[in-house]
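Here chain A shows up in two complexes: once beside chain B, once beside chain C.
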Partner chain A sequence: MSEKISLDEIKKMAQLSKLSFSQEELEQFFVDINSVVSHFDKLNQLDLSDVSPTSHISWSQPPSNPDEPREWPGRQEVFAHAPQVIDSYFIVPKVVDKQEE
Partner chain B sequence: MEKCYLTIGLEVHCQLLTKAKMFCRCGTDYIGKEPNSLVCPVCMGLPGSLPVMNRKAMELAIRTAMTLHCEILPRVIFHRKNYFYPDLPKGYQISQFDFPIGINGTLEFMGQGEKKKVRIKRVHVEEDAGKLVHEGLNIPSECSGVDFNRCGIPLVEIVTEPDLHSPEDARDYLTMLRSIVRYIGVSDGNMEEGSLRCDANISLSLTEKTMGVKVEVKNMNSFRSVYHALEFELSRQQKCLAEGKKLFPETRHWDETRGVTVSSRGKEEAQDYRYFPDPDLLPHTIEQVILNDIQSNLPELPLEKKERFMFDYELTETEANVLVQDCSLANFFESCIKELNKPKFIANWVITEVLKNLNDLRQDIQHSKITPAALMDLLKMVDRKEISGTIAKSVLEDMFQSGAKAKDVIAKKGISFMSNEKELEKIVHQIIEQNPQSIADYLSGKEKALHFLIGQVMKVTRGQASPEIVKNILNKELSAERSLCGPREPF
Partner chain C sequence: MNIADLRHYSIEEYKKAYRSKEFTPTAVTRVFFDRIRELEGDIHAFLAIDEEGAMKRARELEEKKISDTDFPPLYGIPIAVKDNICVKGLQATCGSRILRNFVAPYDATVVEKLKKAGVIILGKTNMDEFAMGSSTENSGYGPTRNPLDRERVPGGSSGGSAACVAALEAPLSLGSDTGGSVRQPAAFCGIVGLRPTYGRVSRYGLVSFASSLDQIGPLTRTVDDCITLFEVISGQDERDSTCAPYPPFSRNDIPKDEEIPKIRIGIPNEYFTPGVDPAISGRIREVIDLLVNKGFPVINVSLPHTDFGLESYYIVALAEASSNLARYDGVLYGFRKEGSFTLQEMYTRTRTEGFGKEVLRRIVLGTYSLSSGYYDEYYLKGMKVRTLVRKDFEASFQNCDLLLTPVTPCLPFRFGERSRDPYQMYLADVFTIPSAMAGIPGISLNCGYQDHLPIGLQILSAPFAEGKLLGFARYLEKLLSIPLPFPEKMPRKESL
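The block that comes next holds the complex of A and B.
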């Protein structure tokens, strides 16, 4: 039997994901996530000691680029879609880490 | 105060010298460029874009790991390191996690005259983040500006084991590491411009066997600030321990202007980066032929070069150290020697005059107007005693500024070669006739009188004669006089 996820761990996950939920929602997640985790118990019944972890279904030579720069012509279009651009900077609400203050 | 045991580990990021970014074809030459002018859908994290690896970046990262004697892990897997910050448009940085390029390496460096060794824990490759601007002429104070030009530039991260034990060690290790990344051409290692960045982990313990509490120091932008930040942290932690206070794990930022470190966040609040393999990039294996090729093309490293210079050219350790710190300077020196086989003489000129001029002009040898051939044209004249060292120094200064040839500078300055001995002999005779007292003084054993006479000849020739030749002629003439006067009385 795998260890269940606690409500505190769910709150921590929400915090890390920068998401906020109501108490009811958190409780619903508690039920849902625990049922998902329980499902993994089934997988744990298999003996996989000789199988190495799969990080990707393909293991082959991937495409690669030569080290030759090329200009991308579409940046004006990106500027046009950005909420605000000043002096070619994308403008976002002030982000100063505590450490930078 | 009781004895303290200091332990330091460093994490260094170096921008790799590629022309294009790590996973797209945007250019990397971002310094001084208009913001967001080197961008594309991949490095701006636009939906639907897919990263494609730059072969050269991988090669440079492998070269770094091999040079640091790492065990190379030929399986390449990229991971996503997730964090939320506007300089990272995808919401994750493509990095490496459990399969870095290299592990278990070493680096040797000279620390306070002693050869020291640091273990390298890992070398991995990752992409750089963008830059945030918090103040600008037109950016409102409640806003920040984002520039993605730097976003996606390839980096290698080089992590040491906690093998350094003083701020001096940390600085000397960094100096050697910078020298090495420049030698092998993987990075320009410029800390002030941010192409080499360093974070430090430092801990202080009262016992040798146990490690203290790990404090991370960030935001050090020069070799000097790494040294000063660590010195500050050492004395701060010493004071805490002396007062019986408890240290706790934290991240501190170096404040250059105030010369202090400032706590930013407790380590217990450390972020969870939720690393997982990036499904957009295929795991793959680096072929052995490629590894062999990189291995066989590794250049000679600073310490090896230093030892060779000391052995082959009979230079002192100090001389060799100065010459090998910059690979282009070492190459420059060796090209000079091919023109005139007098290594000591040339080393002396390179270390004093060449470096002085480069320093004055804030140039490095690669970008200076002086070629080995140009310097040697001048030094050969000095060697043949056609011009004095003093004149050569002023000619060299001019050559550095104008890029003109030695001969042209000499002609322009109206310096004529007073190497014509016949002409010089005439002048020497004239001086001897005009200074009978000095001659008598010299003949009666006052060596100083000879210097006076040389000075007089130099004055008449307006400094254009070679003092060496003048001295030879004077000696010849005076020994003739001496033999006329009989043997000198002992005194």
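The block that comes next holds the complex of A and C.
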């Protein structure tokens, strides 16, 4: 099997999607993902030069709503779900890391 | 009569029994919870059961004074809801550990409509994590077993919703269908499952997997129950801009009985390839012969890009999924991995630990097909092939009204049989994917058994032609008179 995606690319995709894998997991993903991607090449059999893409299906112009503010009644419930909250602030770990500067 | 027989009633029969005061919603609801207690240890169709809420609701419904003529369409009817559809106050985990503590703060539009129509919600059903799978084996909370053969999968991703209806743990349920996730499990469990036209049912409150494909659909034991449930949940919603601005489906859209035999049936060659289990293609050919004998105009049609549907679907769906799943970051809700020093580290550790293997794989693949340098190679190509698949259907509906195909190329498979090779698992949806890409409606109907395993027949129609689709399905259901699956008679295997 010719590998379309290299191990380094999988590592990069994982980084981009905020995931991290052990070497062993990476190697398994390498096999699985390449097996799936190899099937994608089938699309190269088609001449797509004059075909327009379909990103979504819409049967009519989407209707628009009046631009009026509305109260969201579930504010408290929404905060109740957060892992860490102080007053009406979501608490997260340090945003700026020296190593990332 | 035996009170347990109540489990077999149709919606109309429940309502008749309520009107004549033969039974109350409380009695019926209790019968289903008894059944759930009896079978759940074995089937595991539910991720959450709300007995207290359901019994309270049943009593409230009974206390309301309702005139005989003014019965809400689903008055006192118990229903199970897939765990990616929000029901206020109940969990919505989507089968994922990353949402294990998440309780929905609001009702999905469909749930609002169901409640207004008088339903009693029994609980939330098991599913492949974020609806990514075809067997329910990818649930973060353990698989569901097929009530008809407990060594086999119930299909997926709405496996819990299909299994609970087939096992008589609920008379109806809601699922969601992105590439076949209502129709395929309905086929594997021998019941009815409808994927409506894209935009016919609001997605507000349905947790997104691939937004351009996701649709909520009913799973029921009979076509008539499906019609009633679809009438209730369909229609425009100002909170979902992809919801089509058309009136809800109505039973009046169904052609009159004498019009049904004039419906032109198309048989797409590409759905009867050697890869299809001969038991399935053979049985469907028998049904086609029966229709020819009944005088239906039956023609052969070709959907030449069918063979490319699966690949383009996985490109498109995974690209959308990788983007939709970016929201699970441990900040606003759901699981957070504690003990991280920086925000970036918290994101990464939360997501890596919170998602299951198939979801991780799909996020990486989706990110790849959207990334710079590969966008044209994959995502753009996927969208272009989607256009071709859609045009195939448009052309075929110039010559016929409905298409008849198998739902799946295979009978329900055993646990573990396909989970090692992701592509083998994807193939289980090969016949439900193209219509999902085109946004057209499709229904899965039990058309017979191979030994004890059900065979699903798929009927597809042009967009918004659910009237013809359901009218024909109801006619065919009557014509075939296939007995409903009855789990007591099915082999019971304890090992998994």
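Quick notes on this structure:
The definition used in the following text is that the second predicted complex is superposed on the first by the 91 of 101 C-alpha atoms of A that agree within 3 Å, B and C clash if a C-alpha of one lies under 4 Å from a C-alpha of the other, contacts with A are read in each partner's own complex, and residues count from 1 in each chain.
Just so we're on the same page, a contact is a pair of C-beta atoms (placed from the backbone, for glycine too) under 8 Å apart; a residue touches a chain by one contact, two chains touch by 3 or more.
Computed from a predicted model, the values in this text were never measured in an experiment.
Judged by the touch definition given at the top, the superposed model places A:P63 against both chain B and chain C. By the touch criterion defined above, A:S20 lies against chain C but remains apart from chain B after alignment on the C-alpha atoms of chain A.
By the touch criterion stated above, A:F90 is placed in contact with chain B and with chain C alike. Considering which of chain B and chain C touches more of chain A, the answer is C. Shared contact residues on chain A (touching chain B in one structure, chain C in the other): 16, 18, 55-56, 58-60, 62-63, 65, 74, 78, 84, 90, 92-95, 97, 100. Partner chain C is touched in their complex by these residues of chain A: 5, 9-10, 13-14, 16-21, 29, 32-33, 35-37, 39-40, 42-43, 45-46, 48, 51-60, 62-63, 65, 74, 77-78, 80-84, 90, 92-95, 97, 100. Per the touch definition, chain A reaches chain B in the complex via residues 16, 18, 55-56, 58-72, 74-75, 78-79, 84, 86-100. Chain contact summary for the complex, chain C toward chain A: residues 101-103, 105-106, 197-199, 211-212, 236, 238, 241-242, 244-246, 305, 307-308, 310-312, 314-315, 322, 326, 329-336, 340-349, 351-352, 355, 360-361, 363-365, 367-368, 371, 378, 380-388, 390, 421-423, 426, 437-439, 463-464. If you check the complex, the residues on chain B that touch chain A are 18-21, 24-28, 34-37, 39-41, 44, 46, 52-58, 77, 84-86, 132-134, 136-148, 218-219, 251, 253, 262, 264-265, 271-272, 274, 277, 279, 281-285.
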